[in-house]
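Each chain gets a letter, A, B, C and D, in the order it is written, and its residues are counted from 1.
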Amino acid sequence: MEIQVAQSQDVTVVVPTGDLDMGAADQVRRVLTELIDKGQLKLVMDLGGVGYIDSSGLGTLVAAMKQARAAGGNLKLCALQDDVRSIFEMTRLIKVMSVHPTRQEAVASWG
Amino acid sequence: MRDGGPEGTFVLTSEPQHLARLRDWLRGELTRLKVENQEQFGLQVAVGEICSNSIRHAYAGLGGKPIHVSVQGSEDRLVIEVRDFGKKFDPEAYRPPDFEAVPEGGIGLHLVRQFVDELSYDVTQEQGTRWTLVKYRRRG
Amino acid sequence: MRDGGPEGTFVLTSEPQHLARLRDWLRGELTRLKVENQEQFGLQVAVGEICSNSIRHAYAGLGGKPIHVSVQGSEDRLVIEVRDFGKKFDPEAYRPPDFEAVPEGGIGLHLVRQFVDELSYDVTQEQGTRWTLVKYRRRG
Amino acid sequence: MEIQVAQSQDVTVVVPTGDLDMGAADQVRRVLTELIDKGQLKLVMDLGGVGYIDSSGLGTLVAAMKQARAAGGNLKLCALQDDVRSIFEMTRLIKVMSVHPTRQEAVASWG
């Protein structure tokens, strides 16, 4: 999995490309934990390039969200593909996480 | 139960039935102190919860025990005090509720079930597990 | 890792890195069996979760262990089998996740905090607790 | 607290009037448990006459909902007053329970 990190004012946008499965979960966890540890707490994850996610991937995102929230920030999501979105719905995570249609809206939601 | 005491205080005993009368009294006090109507409900809930806790936790549900409630208003704030005389609140033990709780485990098999019509396992093997996933075919 | 075996079966070893190749293989099989495109994603997730579980639970994360996957299609159904040879699944111990989980306790003080600006307690008394609720007054 | 029970086809509508507080919770619990034990599992609670609810009242409704769901039914709510609704929102119960604007819609939702 390829992971790019972009800065949009004080918001950090993480852009993974590929499948967010058990094989990629560790890598994503490391990237997110490092950002949070460095104090980059306004995080957006752009899932536009992610066509597959499983419970390991979800677990990684939830853990990072909790970590960011505990430190006073948040991890928001945007640009979910339909299949990926269905997984967030089945697990009710869609109600718990902050999910935006586009990257622009996710970044703007920080105000 | 009695509701004597100085103006601005109310004394009830620890039966849940008295909570409604406490709320009525509180509404009167808040109105006297010119608290807006839309804020009164929330303060009733707040004081009601604190007193319910005194009944349930400080007095373990036992009736006949005293709870003192007082309300004071100054220009910039309202101060409401609730006092019980039972078991003490232990802040160390208190954990706020986690409304964002998400099941941490067990999501995998849940997802599997969303996508197949039958999920079965055969564990009669010496070692390991054999899982069988069946999906009915859609006619068309 | 090898993916030999009879047609319709795939053998992988228990490294998470192989799951992507398993899914590619599965997609090919499902296409061959004329499974509609929109159903393929769900079946990939289902089989992926079962195999992740074999890696994580049956083999405790250890690599190099075999997992066998087979797909068979008949007129009215697809049957997918996944087989591991590690620790067995224990259905007795399995509890499905409770997505309707609601914090059972601790809601009282949470509600109190929604409605007041300060909540404090003084537990220095001999007995019991004195709670102080402060609400700022709105100007206007 | 006054509690009326009405039957609308196979749906049982429970109509409490008064404050659903710690003092009323036991009474409500008894009524709901009795209905569920008798096999009346399609339950609607019309809260139109309830102007106050606290965590004890919420706890009673959640327990009955779980009991009904475990038996294959459900406890749905309708006609929440604004103040009461705000309590369901603050505790996120609004997302967990099935809440309908009117009694008619709640009953119809059973199909």
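Note that in this section a contact is a pair of C-beta atoms (placed from the backbone, for glycine too) under 8 Å apart; a residue touches a chain by one contact, two chains touch by 3 or more.
Just so you know, these numbers come straight off a predicted model, no measurement behind them.
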| item | value |
| --- | --- |
| Between chain B and chain C, centroid-to-centroid distance (C-alpha), Å | 29 |
| Distance from chain B to chain A - Cα centre to Cα centre, in angstrom | 32 |
| Chain A and chain D, separation of their C-alpha mean positions in angstrom | 37 |
| Touching two or more other chains - residue numbers and ranges from chain A | 54-55, 87, 91-92 |
| Of all residues in chain C, the ones touching two or more other chains | 45, 49, 52, 99, 103, 107-108, 110-111, 114 |
| Graph class of chain-chain contacts, one of line, ring, star, complete, other | other |
| Touching pairs among all chains present in the structure | A-B, A-C, B-C, B-D, C-D |
| Chain D - residues contacting chain B, complex | 19, 21-23, 25, 52, 54-56, 83, 87, 91-92 |
| Touching residues on chain D, where the partner in the complex is chain C | 54-55, 58-59, 62, 66, 69, 87, 90-93, 96 |
| Footprint of chain C on chain B - complex, ascending | 35-36, 39, 42-43, 45-47, 49-50, 52-54, 58, 73, 75-89, 91, 94-99, 101, 103, 105-112, 114-117, 121, 123, 125, 127-138 |
| Chain A partner contacts - residues on chain C that touch it in the complex | 15-20, 23, 41, 44-45, 48-49, 52, 55-56, 99 |
| Touching residues (chain side chain C, partner chain D) in the complex | 100, 102-104, 107-108, 110-111, 114 |
